[in-house]
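All remarks here apply to the structure that follows.
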Amino acid sequence: MNIIILVITVSMLVIAAFYVVWADSFFTVLAASSMVSVGLVLLFVLLRAPDVALTEAVVGVALTGVIYALTLAKIDLWKINDNDDNNDVSQSKQ
Amino acid sequence: MQRWTTILFLTGLSIVLFAIITPLVLGQSPMLVGKLINASAVNDTGAANLVTAVVLAYRGLDTLGELAILFTAATAIGIILGTTDKTQTTSSPTAGFIVATAAKVLFPLLLVFALYIILHGHLTPGGGFQGGAVLAAAFFLLTLADSGNNIKHKVTQVIEALAGTAFIVLGLVSFALQGVFLQPWLDKGELGSLFSAGSLPLLYLALGLKVGAELANLLSSLANVEK
Amino acid sequence: MMIWDDIFLEVDFWINIVSIALIVIGIYGIVFSQHLLRMVFGLGLLEAGVNILLVKAGYQKEAIAPIVTQASDTMMSNILAATAQMVDPVPQAMVLTAIVIAAGVQALALSLVIRIYKKYGTLDSHVLFLAMERDRHLSLNQKD
Amino acid sequence: MQDSLILLVVLPLLLAFLLPVIARYLGNLSGLTGSLLLLFNILLLANAWNSVGYSPKVILLGGFAAPLGIVFYIDKLNMLFAILTTIIALLLWPCRTHNTDVREYVLWLLLLAGCYGVILSGDLFNIYVFYELLAVASYGLVTLPATGASYIAGFRYLMISALGSAFALLGIALIYSFTGSVNIAHLAQIIPDHLHHIWGYSAALLLIIGFGVKAELFPVNFWVAEVYSHADKRVTALLAGVVSKIAVLIILRFIILLFPWQDIFNFLLLLGIIGVIVGEFAAFYAQDLLRLLAFSSIAQSGLVIIAFACATEAGIMAGIALAIHHLLLKPALFLLASHCDRSINDLAGLAKSSPWASALFVILALSLLGVPPLPGFWAKLLLLQSLMAEQYLLLLVLVLLATIVEAAYLFRLFMLFYQRQEMPEQKRITIQGQELYPVITLSGILLLGLFFLPLFMDSLREIAMQTSNIEAYINTVLGKVQHIGEGNI
Amino acid sequence: MSVLDLDHVFFLLIVNIGIAVLWGNRPFVGKILTLLYILEGLSILTSYHVLLSGAVLSSSLTFTVMQQTVQWQLGVSGGFFALITFMAAGLATWFSSGVWARSYAPIRLLHSYMALNVAAMLLLLASNDFLGLFIAWELVSLVSFLIIAINGGRSAKAAYSYILYAFLGAMAILLALIIIWNATNSFSYVEVRHHWSTMSVNRQLIVVLLLITGFGIKMAILPFHRWQAPAYAYVPAPVAAFLGAISSRMGLFALFIVLLQVVGIDVIQTLWLPFEIINMQTFLLWLAALTLIIPTFIALRQTDARLLLAWHGIGQGGFMLLGILSANALGTAGGIMHVFNHASYQAALFFAVFSVSYRTGTADLDRLGGLVTRMPISFTVMLVGIIGLAGLPPMNGFVSKWLIYKALLDEGMPLLFLAAVIGTLGTILSVYKLIHNTFLGQLRLEHENIKEVPWSMSIPMMILASIVFITGYFPGLLLESIAAMQSTLGISVVDYHLGGVNTGKGNLNMIVVVSTMLMAIGMGALIFFVLGNPRKQVTQWDNYAGGHFLTSDMRYQYSHNFYPGLMRVISPLYRNTIFWLESAIVSTVQFMAHISYALFMQANYLLYLILLVVISLLWVLAV
């Protein structure tokens, strides 16, 4: 039974990891990185490591997520990828 | 061209790592130290959560080191982002009404939840780091609600310093008593009850408070960077 | 098909896949990205991949989480029996520290990113490298 | 009494935690508390030194036996490095000017605690944690000057160091999944014979590269030139002198105890010699003094790595001698160079405006070069003898050629300093007296060491013997317990 | 006599340095320093008979490190060279102590560097094991770097190229030391000689080649000769004389000790270069012969007198090496004697050239001429000097050259003898050009009222000229200590008497030769004066050349194409290959420096870390 859960989390993790590195707007990158942490939490639960899962949940998802969000706000990339100011996005792509 | 090199690099590296990692068949890793700790942890430290026993008793110095690393990171960020003690008002728009009321409601709940996690560190999964982070989230929620009254740095710094010293003093007391630093002292109480596992919960409490204050400081200095 | 089945059904195979994927993509993120922020994200991925491997090092087949739950009947014997099939707690303690270290380092890196953005207005690593060399050159020559 | 050596690590942390709060009341005394603490450390180490005289001691953390808990291993080599770190830190302690933020002292104290932890600890993961503490503190200190360039240099340094640490953690994960324990003495029993295969080698490589970042190993020392020329002068002196030598000390412990295989030695020898040659040639081309010294410190670390990589007793002795010599000499050179931080040909005629500083610079550079009467020569002689004993003739010739290139750019500097014409009035550099005190004390120690050379050599030989004696290490730590249940590898 | 004589000498040297550094620029201090040098020379002379009997002047300067005791004591060969050093230093300081000091600003630097040089050289001469030798060797090369760079500008550049060559040499010696230490586990000469055969043959070959390169660089043997001429030419007068006389002979002393005493000439004869092309001894002899010929013919083309003499210094160095390595009693005696002779007339010539340039302001042969009437003493000194340099009978140069020629012929090396003769031919030609262009020929208008140099400068010159003549007259004075030297080294001893040497096939008695010459010259002068001294005082322009009268503005004296016939024949040979080799090396070093600097200046530096990890892991998988 947990093999299926494992396969789902693994595939979700790998896809999220792809998005973190290849996504265009940093907004999606932030979301993808939180997704990776969530996947990690699931994995740690499957690996019988509840303490680590809780830490990863709190520190990995919540704390780093908030810190990334704040940095994005400070370097004014905190915009949904609307098409009018593409320069910021293109600048972050190349 | 750039695309091909990336793909080549990715496949090459993954093949190399795969060749190295695959023989680590899961489940057969020889638990040399693990078996011994599992056997002796309960009556050595009296903690139900063996991971806490390892984190605070067997490998206490790692956690002290870890605490120091977080403290260094926080101070370094303080220096880099240059938040001195003056509280400047940021021009970020005040959050909507919903967030403000939700913040007021959620704050006490989060506090209780955080303290629960810290105090039950030696019984259920959780402990200083996790509880401290939740604590910081609770305080940060307030600044998120109305950016006016952000965290007063002086208070958090005092908490941070005291909690850190408390952690070390607990270790030094055992050094004075038994001549060995960071040895769990105090009676172990009966397994599973709140006041069991000797000095471990106290250590985790000090740890939690320090991490909480530190991260709150960090988050507020991040939030208050001039636009 | 038999061989393929038991490989795919094996938990170990999938965990290897995910950790290697995370490490490789993390390294790619750090080394090949132009944007400083993307490097920090890559670092996060790399740390995650390594943490998985560290936890996997302690996992035992059909073992239970290292928490003594039936604390009520304080019979030492069956507590010892319970702890016998527990997972190895030591790597979990290590991973706990590793995650928090990674968080600390990433927070520091991000504050540096903010400071660099405030001062130079761009986050492209090539442009920044040339800016650093130019500053160095300026500070060398016009020392008053 | 040597149990109290744990205070070396704990007291700086305690003071660091307390300092932000008590600094408001202490005012400008807070700088003083740091130096008082260092003096106390020296006292601690001094009376521990004679008690550790004959056989190494062990401190159990948390009172648990060796493989379970964390263990501190005290032997003459660790003590020597601890004492030298304290001396250098005391000399380089930042003096309290009006605008120094008290948090700078906090970072210095944390860096010191990290250094002590790494030197003394006998547990693989504990070394990693203290190494990381060292690293994070040095990120903070590197960006102190708050100039744009220092931020970029700090960020790049952070990235390469974090990447290195991730690889080290990967190495630790590999080792743990094969042996199930993290205590170095315990591993020293298992790894050399059981892990002599691909995974043992890859774990060794990952660890060496991870810790090589700070040890200025060849391909991972790109940060050296940027960081040393942008960071604050005392931080650069500390990083170049103390921290890089401590990282090399860790690598020494690894290749003696955990991975005593000839392939790993060859790998390190190869990287070391490339580091030496590339370092010297890059220094030959460097345009400004700080960058020149940075490249020369890469070359010197390469020499130390080469010495340690021929893991015989003579090799270790040569390595320790070179490390100590460089540890005392490089901070002094960096302190001197930080005043004349401008492109080299603007330094023409420095001897006229600040004669004492240039005279000291010449003497120290000659000792760095290995000119006979000065201590540098004896350290290099030991290195050459140990290389010859191992019949590495090509390495010997390359090291000597590198010295010639070193002579070329150093004498080019001396000629510039002692040129006839004056420095232009407004660009004149005069280094006042009180700036020179740490430099004078360091060169005093070096020249004083010359008089006690025979005595110094014998104690060095004794230290090298004690370090290369692996059975003593395992027995003291594991208390002569035989192999604990390592059946099923 | 107290055996600790060397301590007195060291004490005097320290006093010497103290005085020079503290009161260097006081007017009378030059004389005190000269006295001190002479005192030191005398203190060695007084205990010289102890040395002659083979004993050793030991000193309390010893230390033991790594179970090696390093001890300084002076043997007879060290004593002989020390005497030359003190003679050269004393006369040089005397030359600079008088009027000359006022014309030279950094006189304090000059005195202190000279004192340091002498002290370092004595330390070298007194070392009796490899470690002491290397320490003193580095000190000597450092201190002579200081003294060469004293004038700044051109001499600073020459000093920079010198110190690079010196470090190349020092590293070669250090490598040889380490290889020897590995074989014999000790640095003392006796131990090394004892264990020498344990080394494998090609390792012995490497050690000998390294030692020769190391010491040869200081002696400016052929491939490494480019640094010495400008280094010894562009320095002030006393320094040029001192360096020209003794400084490059330190390399010879070290080679003499190491090759003959430690390695032994028989070993060198048995060693063969790879692929049996050439025996080591013949290789070295031909190297010495080429070092004699090529620099001498380069000197032929020089127009600056100082450079001409400096190039001759290199040539004569080759001559000495030729003598020492000829493995024949006469040859070694000739070689060592040539050191003394060359020191004396080279210093005299340098003094003469510099006194001319002190008066006329230039040493360029094109702008001099006809000074014999104005500066007679300098003329006589130069005359005596060039006769010595050319190796003609009354002067001491002839004795040592004769010994070396005889040795070469006795050993059956006619081709080498021919090469030596060609070298001497070159010397004679260039030496004549020197004296003709400075003293003979047409006096220039601006040199009308040139006066002779003051006494304080001309007395040392005259002393040197007299030394050249006396040792030429009674070579026995030198041969006595040379014989003692040969016996201490264990090589065949030359049987000598006051007048010269008597060998089986024809002996040399300089007393007879010189007295007959003096009688002949005396007779000629007598007849000339008895016949009423029939000569007419004419002014310089009352003569004509090539059928037409000379006017004062016409220049018929030149030094550029001085020997047009000879030059047309040999000019294609001047291809200065070594110059191109040297600049090629320098540009490769700069190129590699540029690459390694660029290697570090990378925007994307993490790539290298990953490449290292991937490559090392692949290597691990492969292994």
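Order as written gives the chain letters A, B, C, D and E; numbering starts at 1 within each chain.
Note that in this section a residue touches a chain if its C-beta (ideal position, glycine included) is under 8 Å from a C-beta of that chain, and two chains touch if they have at least 3 such contacts.
What you see is a predicted model, and the numbers here were worked out from it, not measured in a lab.
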Work out which chains are contact partners of both chain A and chain C.
B
Quick check: how many Å separate the C-alpha centres of chain A and chain E?
78
Any idea how many Å lie between the Cα centroids of chain D and chain E?
47
State, to the nearest whole Å, the distance from the C-alpha centre of chain C to the C-alpha centre of chain E.
70
State, to the nearest whole Å, the distance from the C-alpha centre of chain B to the C-alpha centre of chain C.
16
Two or more other chains in contact with one residue: find those residues in chain D.
125, 129, 132, 136, 139-140, 143, 151, 156, 159, 163, 174, 176-177, 180, 182, 198, 202
What are the residue numbers in chain E that touch two or more other chains?
601, 606, 610, 617, 621
Sequence positions of chain C contacting 2 or more other chains:
11, 15, 21, 23, 25-28, 30, 53, 56-59, 65-67, 87-88, 90, 92, 94, 96-97, 100-101, 104-105, 107-108, 110-115, 118, 129
Which pairs of chains touch, using the document's own definition
A-B, A-C, B-C, B-D, B-E, C-D, C-E, D-E
Give every residue of chain D touching chain E within the complex, in rising order.
156, 159-160, 163-164, 167, 198, 201-202, 205-206, 209, 219-220, 222-223, 225, 263, 267, 277-279, 281-282, 284-286, 295, 366, 371-373, 377-378, 384-385, 387-389, 396-397, 400-401, 403-405, 407-408, 411-412, 415, 419-420, 453-454, 457
Under the definition above, what is the set of chain A residues touching chain C in their complex?
2-3, 6-7, 9-10, 13-14, 17-18, 20-21, 26, 29, 33, 36-37, 39-40, 43-44, 46-52, 55-56, 59-60, 63-64, 67-68, 71-72, 74-75, 77, 91-92, 94
Which part of chain C faces chain D closely enough to touch in the complex?
23, 26-27, 30, 36, 39, 43, 46-47, 50, 53-54, 56-58, 88, 90-91, 94, 97-98, 101, 104-105, 108-109, 112-113, 115-116, 119-120, 128-129, 131-132, 135-136, 139-141, 143-144
Using the touch rule from the top, collect the residues of chain E that touch chain C in their complex.
601, 603-604, 606-607, 610
Looking at the complex, which residues from chain D come into contact with chain B?
3, 6, 9-10, 13-14, 16-18, 20-21, 60-64, 67-70, 101, 103-104, 106-107, 110, 113-114, 117, 121, 125-126, 129-130, 132-133, 136-137, 139-140, 143-144, 146, 151, 174, 176-183, 186, 198-199, 202, 484-486, 488-489
